[in-house]
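Comments concern the structure below.
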Amino acid sequence: MKYGARNQLTGKITKIKKGDIMCQVALEIDAPAGMNSVMTVESLEDLGISEGDRVKIVAKAVNVLLVKE
Amino acid sequence: MKYGARNQLTGKITKIKKGDIMCQVALEIDAPAGMNSVMTVESLEDLGISEGDRVKIVAKAVNVLLVKE
Amino acid sequence: MKYGARNQLTGKITKIKKGDIMCQVALEIDAPAGMNSVMTVESLEDLGISEGDRVKIVAKAVNVLLVKE
Amino acid sequence: MKYGARNQLTGKITKIKKGDIMCQVALEIDAPAGMNSVMTVESLEDLGISEGDRVKIVAKAVNVLLVKE
Amino acid sequence: MKYGARNQLTGKITKIKKGDIMCQVALEIDAPAGMNSVMTVESLEDLGISEGDRVKIVAKAVNVLLVKE
Amino acid sequence: MKYGARNQLTGKITKIKKGDIMCQVALEIDAPAGMNSVMTVESLEDLGISEGDRVKIVAKAVNVLLVKE
């Protein structure tokens, strides 16, 4: 099984909250874990970041896909 | 500084690759880390997952935002 | 009317479910239909796919936009 | 293998174009195919659509994930 | 022409930069303009915002769709 | 505080609607404001747009992130 996405983590479900149409699943990520971000070169230059720097990594939960293998 | 997103991790940049318009930034995530996924209740039922289960967590790199605080 | 997106299908609505804030619309797609995916070259190489191969195409419903022309 | 997404199609790759960081994969979708869109109830009401109506379905290629099973 | 999205602005193109696969289009938005954000109730509570508050509104350019009517 | 995104606007919250899992926040954008869209070169060519042209700018509310600085 191979996924065409740069972010492929594994984790354990800690909580599920069901609404009428949508639901929210909280997870604990297995360490160590790597991630990737793709942005415009302009955004990179405005950020002014380079290798070794520490950053905050933000992603909306609607763009996170769970897969049960 | 507060973000309206359920996924807020921290990490260190390990590699930057620049293209003409887009670039790709690889990161090492600080542990421990939690994440959240929002999906339809129908998707949750098809997945058949419950608290304590282990899953794969997939996200496209274009939907990951970096912030330099 | 022209859209700056590679995926432009047509279809018929088969079911609408309304919640408090969000709703879900199910559709039947007109055939034949083509789609496109953009990913990093690294993801493509990990997938190891080439022209003629068969793949699964996954998209979260929140990223699908309906237009009534 | 189960995916937490309402859109799960299958298809055949017809063309791959590689760039420096990103690439684009064109696909032919197997028929028949169903899709789903999640939007706000306000958007649904503005669209003024109901079951049986025909609509255009638009999705940006960056939000389409390919999986090789 | 009706779109199933809460953010529908109009504007003038000020710059186009073409790469190999992707391109970037800069725009000047017509005023006045309104926007909408959908998030989890948990995120809203963490933000601690209420009507009348001023906030920053962030969106990645890959999730912005242009339409030529 | 720097964000790796091409769209960074400011605005005032005009309305908050809370559901069970998700909520919707309406905003009034400060003028003047600029935005950016990233798409494939193929989409740009199909759109047939050039600098100075006027276009519609569409974004789903789930892909808009609010930040309280």
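Per-chain numbering from 1; labels A, B, C, D, E and F assigned in written order.
The rule is simple: a contact is a pair of C-beta atoms (placed from the backbone, for glycine too) under 8 Å apart; a residue touches a chain by one contact, two chains touch by 3 or more.
Being a predicted model, the structure only gives us computed values, none of them experimental.
Peer 1: Could you figure out which pair among A-E, C-E or A-B mirrors the D-F interface, over half of its contact pairs being identical by residue number?
Peer 2: Repeat of the D-F interface: A-E.
Peer 1: If you list every residue number at the subunit D and subunit E contact, are more than half found on both copies (same) or fewer than half (different)?
Peer 2: Different: fewer than half of the residue numbers at the subunit D-subunit E interface appear in both copies.
Peer 1: How many angstrom between the C-alpha centroids of subunit F and subunit E?
Peer 2: Spacing between the chain centres: roughly 1 Å.
Peer 1: With chain centres taken as the means of their Cα atoms, state the distance from subunit A to subunit F in Å.
Peer 2: Result: the chain centres lie 21 Å from each other.
Peer 1: Identify all positions of subunit B at which a residue touches two or more other chains, and write them in rising order.
Peer 2: Counting only residues that touch two or more other chains, subunit B contributes 2-6, 18-25, 36-40, 42, 44, 47-48, 58, 60-63, 65-69.
Peer 1: How would one label the connectivity among the chains shown: line, ring, star, complete, or other?
Peer 2: complete
Peer 1: Touching subunit E in the complex: which residues of subunit B?
Peer 2: Going by the criterion above, the answer is residues 2-6, 19-22, 36, 38, 62-63, 65.
Peer 1: So in the complex, which bits of subunit C are touching subunit E?
Peer 2: 1-5, 21-22, 25, 38, 65-69
Peer 1: Residues of subunit B touching subunit C in their complex?
Peer 2: Residues 24, 38-40, 42, 60-62.
Peer 1: Touching subunit B in the complex: which residues of subunit A?
Peer 2: 3, 5-16, 18-29, 31-41, 44, 47-69
Peer 1: Where on subunit F does subunit C make contact in their complex?
Peer 2: Per the touch definition, subunit F meets subunit C at residues 17-20, 22-24, 37, 39-40, 42-44, 46-48, 58, 60, 62-63.
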